[in-house]
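Across the two complexes that follow, subunit A remains constant while its partner is subunit B and subsequently subunit C.
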Partner chain A sequence: MAQSKTPYSMAADVQQVRSRREPPTPLGRIRDEIRRSNKWAYLFITPLLLDFLIFTVYMVISVVALAFQEIYYGQSEWVGLRHFEWIFKDPQFWNAMKNTLIYTIIVVPGGILLALILSEFIFRRSQRVQVFYKSAYYLPSVVSTAILALVWSWIYNPFYGILNFFLSIFGVEPVSWLTNPKNAMLSIILMSIISGVGVSVVFLTAAMGGIPPELHDAAKIDGAGNWARFWSVTVPLLRPTLLYLFVVGFISNFQVFEQIYIMTQGGPGYPGATETVGYLIYSSAFTSLNLGLAAAQSVVLFFAILVFSVIQFRVFASEVEY
Partner chain B sequence: MTAKDLSSSSLPRRQWRGEDFVNIIAYIILTLWALLALFPIYWMLKNSFEPNQLLNVWPPRILPNWERLSLDNYSALLARFPLPLWFFNSLLVALVRTIGAVFFGSLAGYTFAKLYFFGREVIFWTLMAVLMLPGFILIIPQYQIIRALDWYNTYWALLVPGITGGVWAMFLMRQFMRSLPTELIESARIDGAGEFAIFARVIAPLAAPGMAVLAIFQFIGNWNSFIWPLVVTSTKEMRTLPVGLGLLSSPKDTGQVTPIGEVMAGATIAALPMIIVFLFFQRYFLRGITIGAIKG
Partner chain C sequence: MAKQLSRREMLKLMAAGSAAVVGSPLMNAVAESAGKPPAQDVIEISYWQAPIWRLGKDVKTVLGPGSDEWILDAIARFEAENAGIKVNMELIPWDQWSQKLATAFASGDLPNVLYSNLAADRVQAGLFEPVDDYVTQEMNDDWLPGMRESLTMFGRLYAVPAFPSADMAALSKTALESHGGAGIFEAIGEDRGGLTFDVMEEYGKEFGDGATRFFFGVPTDHGSVVYWMYGAWLNGWGVKSWSDDEERWIVHEQDAAVEAFQWLVDAQNESKVLIPNLPKWSDVDTFYWSQNCVMRYHWPSIEVELAVAQEAGQAVTPFEIVLTAYPHTEEVGPFHTNQPPGHYTICREPDTAKREAAFKWAFWLGNDTSNTLSWVADVGVFPVNKSGVAAIADSEIMQNPNKRWVVDTYLQKFPGGFAGGNWQPLNNARTAKIWNQLDPWNWYIQELQSLLLGQKLPLEMLEEMAARINGALGTA
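For the complex of A and B:
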């Protein structure tokens, strides 16, 4: 019967039991809690814990350990900080970090701003109109990025591509989208924004539905126009959703890989105009076959993402105090 | 639902009456963006049915050339690459991993939501601590462990790591299970039901809507997954659709330039099943996606 106790009644019971007969030592309390635990619970979480311990926890330890090793065909040797020293002097790595930053800083805030505007326009429409537009924006997100990248490569084709055709209507000369180092990153950014906005729109319209209409009515009585209401009522109330979209967006876009792999292979030029840290890690490991260096680059990427996440939490948290 | 619909559709429309031109601009922007989002998918479909002589021409035709549409690109691509096998691999990976995530994720989610056990909070928050861990940084050691286990280029590598759906699946189901009445579990227990039977017969049916959301997102995510199958497989026979087709873009991997019509046919084969799944379960996408984030 003890198993059926909810945590709340449990806590009360533990209190009672302790005051009556159990010695008030931490060990006694732990023993008591173990006795009252539902033993099946441990069995039920075992598969998840095994998966987690082997393929996440152990992997985190391994990637750090690998970063200090040199791996040759199964043989490994400890080399201390050699990989990190190399990374910090390596212009290719800094170029990749710069490209990744440019990509992320345009794709994430740009995409969220666009999604915010589209959501504001969609939000007050009838249910059917909302579903139509949200579905249209969301549709590219269910297609594999690799597949979208194949289609976009064809759209960007400099000789027969449809994009250059549309531009030629306005008298623009053919543009080398992916083969010119000046345009390549821009082309990949454009594709990523167009394909990714739908997910943010779904989140933002859902959050807008949770804003009490009275707040908008009150602002209207105070004489606020649509624009003023959008910036001073809607946007501040969306802060938790915006924080979520920013943090998750930064984490996933910092790892950008598929578009680069399919569309440019990190090129054109050297150091590659679209080579991102994710792509560099892949080529260090599977083209140069230097797993130790790739692991060290992964560790640096992790810290870059961590720093960015902390900054975002700080920015969003500081705005709360006004 | 109906009351909500009324308030969000008819009421504001009256407010906007004086600003019809704002409405028109809004619809123009919304529609242009919808065209932009849908155009690549249209372009993929249209190009996949047209012969290559019509594709490599200037100027390109925006509308389909109805008399010349055919399945030739599809048959040419099928003759060249083991597409049915890639399709089977993708389907197997998506199905097995989805079933794994729904079963193990629900079981763990139920346990964290409804069962009391020593260490529950500590274990839960330890798991949650890595929810935001960027997966890409673990690719290198994961590749190594697959090599060490001798799973490289096998189905084990594609199926086993992460088969429980990970912390994300557990968290989603836990959030869903928390709203289910605990009294049902207690009364089933008084009736003498075993702990697993309570999960399978009492909880699972009630949690079906949550499981559906999890299943759809897992299915699409696994069907589309790219870097993991790319890294742990090497032969043509073990590829999944996105990886096998992704290699069509670089002649250095296939040893030949694949005509663009065939590339678009391959893209359609990979994309269409997911587009159909989306249109079928639209409602779950547009609502379910936010469960984890908002209830958080």
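For the complex of A and C:
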């Protein structure tokens, strides 16, 4: 029997291969992914996935919905953009946003800079000394911020604080660390930098360990001194770690709450010298029972963090080699 | 060879796992209830309480703040007397109290019996049950004058009075005798009603050294600023906070208010009789217990707190406190703050039997004479009814001169100040709601701090506050 010959079509071949390789629909892609991957993995990630869906995704959606409602004594009413209108003309909110920015802009780079300096010194020491210093700097990180804030409140106490006691030895008059609006934010910033430096030190020393020693040797042969090697070899190669510390630090510090709540309650004075957006959200929700307003403030804070995080990625990430 | 799981098998496994996770507590509950006898005879009520007790069930042993020994014993006694009722208490620490209530009020998910928190807007929102129907003539006749009236809103009684919430000034006699200024006791007279602002200043200078010892301590980090510095302090200057219909905050319209706050600024900067540097509550405690400050505002429970502080080695021994009326001008004269009494509210509950059981518990706790001595000794407050007063009249604790003065003179001979303690819009639901949303518990503190820091003059502060409050009320 004679075989009927159809003319060869390259386009049909390509189409056939593509249809085999690329599932046509998103559902098909998911099916393909399940077929291809280890099925047990899905079982193991299910608990965390449920946790994420319930306690993160659902909560975020609820907060956004809440921002457009007035919740009062178990009843809710849709109020549209009313809370946002209030926020955008509320001087207390913008004062809190300003304080939050000042806090974050000083704490994050300041903390990382201090950690970088400390890491450089620690990394040059023997293994045993390194372990000692890393543990010592990391120790405050395992203590809750609430406890740290309490201890620092005692240190800063204008009447009985140890800091003023030491200063008095040198004839310095007692300083109002937390009760003078000019000093209060700086005092909290100092506490946050000192207490939080340990985490960055651990990250940076670990990253320094990953830098090939040959690079330093080559620089040495080229006549580079300690400073030149640090600035031109170590720091550039730490960029991925520094970017991570910047972004994560920015996100967490933008939500600062505990130290403000314990040390100053947003004060001193009105508008509060240390009132941050995180603290204002707490006050709106839990002292004035205005959950809708608190949710709207949270949404604005979320977008502020998002914008700043995107900017950081744009500015730093282009030069980072992973 | 290990068998590969198919997609269907995996999904089945996941579904079974999830069902097991969800179902196991349910099965436990079913199994537990199957093993128990039917519970239709026992009415369970929930009860939320702040930790106001500090002594053991013997009402003598000092156990410290937050002790639950006495209240657990009281619940056991009540349940023994009322076999059909079970009280499920949640003793909520003070640092969690406001958050717990905030979320509960927002969701409307409240217990059957709640300590305190009566407010007109909450009544109007239907959160609380009226309790008139449970009050017998005998109960009514037994309450001391004013108790019922203070808790009546929109013509109905919405809470069960438990104790008169008297607050006042507390002078440290021991410190005044040690460092000077003890002549103040003669100056204020036998009825302790002569504490004027001039007297404070005169003896304050005698006591203080302007550097480490100060006459008066105001905790500037604490919500008490709202009711003491904007309530009682202004009342002492004759300044009324709210208009009669409570639709406006009127402090800024009165010259005496400027004078009242200027006095505080001067007391800090000029005469140096006020602790400077925005002391916290804990700082004022330290000053007071160590005899470096002699006057503060407080409840009569300060004597119980003194016992706890002495036990912990924080306060000197001996330490004698003299309670007096709030400072005031000659024209205003001594007054008591006219705060509503401490009370229990019965929260919204469709089940009539539960409502009745809740009232029974609330009334028993605050009004039963078997508990009266505990309220006086342990919490430092006073009986709410005549039978309570009679029950402890001859007790050892009522021989304490401070206790006698509060009952015989302060609450009975001195007139009440402006309504509701002069700080809260007590009877106007709309104003109460809006005012609460302005976050007065933080904001008033910050405003007082601004004043004492010299950031604002008294009139500037008051006008700023008026603009915010009356602006929100639409009556600026």
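Just so we're on the same page, the second predicted complex is superposed on the first by the 271 of 322 C-alpha atoms of A that agree within 3 Å, B and C clash if a C-alpha of one lies under 4 Å from a C-alpha of the other, contacts with A are read in each partner's own complex, and residues count from 1 in each chain.
One rule holds in what follows: a residue touches a chain if its C-beta (ideal position, glycine included) is under 8 Å from a C-beta of that chain, and two chains touch if they have at least 3 such contacts.
Keep in mind it's a predicted model, so treat the numbers as computed, not measured.
Student: Check whether A:M59 is in contact with subunit B, with subunit C, with both or with neither, and answer first, second, both or neither.
Tutor: After superposition on chain A, A:M59 lies in contact with subunit B alone.
Student: Examine A:S298 and indicate which partner it touches, taking first as subunit B and second as subunit C; both and neither are also allowed.
Tutor: In the superposed model, A:S298 contacts subunit B only, not subunit C.
Student: Touch test for A:I87: subunit B only (first), subunit C only (second), both, or neither?
Tutor: neither
Student: Classify the contacts of A:F159 with the two partner chains as first (subunit B alone), second (subunit C alone), both, or neither.
Tutor: It touches subunit B and subunit C both.
Student: Let me test your reading of the model: by the given contact rule, A:G267 touches which partner, first (subunit B), second (subunit C), both or neither?
Tutor: A:G267 sits against subunit C, while subunit B stays out of touch.
Student: Using the superposition on chain A described above, determine whether A:A115 touches subunit B (first), subunit C (second), both, or neither.
Tutor: In the superposed model, A:A115 contacts neither subunit B nor subunit C.
Student: With both complexes superposed on chain A, which partner does A:T287 reach: first (subunit B), second (subunit C), both or neither?
Tutor: After superposition on chain A, A:T287 lies in contact with subunit C alone.
Student: For the three-chain arrangement built by superposition, which of subunit B and subunit C touches the greater number of subunit A residues?
Tutor: Counting contacted residues of subunit A, the larger count belongs to B.
Student: Under the stated touch criterion, which partner chain does A:L242 make contact with: subunit B (first), subunit C (second), both, or neither?
Tutor: In the superposition, A:L242 contacts neither subunit B nor subunit C.
Student: Looking at A:P181, would you say it contacts subunit B, subunit C, both, or neither? Reply first, second, both or neither.
Tutor: So A:P181 only meets subunit C here.
Student: On subunit A, what residues does subunit B touch that subunit C touches as well?
Tutor: Common interface on subunit A, subunit B vs subunit C: 34, 39-40, 42, 157, 159-160, 265, 285-286, 291.
Student: Which stretch or stretches of subunit A touch subunit C in the complex?
Tutor: Its residues touching subunit C are 34-35, 39-40, 42-43, 46, 71-75, 157-160, 174, 176, 179-181, 265-272, 275, 283-291, 293.
Student: Within their complex, state which residues of subunit A touch subunit B.
Tutor: 3-7, 10, 30, 33-34, 36-42, 44-45, 47-49, 51-52, 54-60, 62-63, 66, 114, 117-118, 121-127, 131-140, 142-155, 157, 159-162, 165, 168, 194-195, 197-199, 202-203, 206-207, 209-210, 213, 226, 241, 244, 247-248, 251-252, 254-255, 257-258, 261-263, 265, 278, 281-282, 285-286, 291, 294-295, 298-299, 301-302, 305, 309
Student: Inside the complex, what are the residues of subunit C that reach subunit A?
Tutor: For subunit C paired with subunit A, touching residues are 5, 7, 10, 13-14, 17-18, 98-99, 102-103, 105-109, 121-122, 125-127, 220-221, 277-279, 283, 286-287, 433, 436-443, 445-447, 449-450, 453, 455, 464.
Student: Hey, which residues of subunit B end up touching subunit A in the complex?
Tutor: Result: residues 5, 7-9, 12-13, 16, 19, 22, 26-27, 29-30, 33-34, 36-38, 40-41, 43-44, 47, 55-60, 62, 104-105, 107-108, 110-112, 115-118, 120, 123, 127, 130, 132-145, 161-164, 166-167, 170, 182, 185-186, 189-190, 195-196, 199, 220, 223-224, 226-227, 230-231, 241-243, 245-246, 248-250, 260, 263-264, 266-267, 270-271, 274-275, 277-279, 282, 285-287, 289-290, 293-294 of subunit B touch subunit A.
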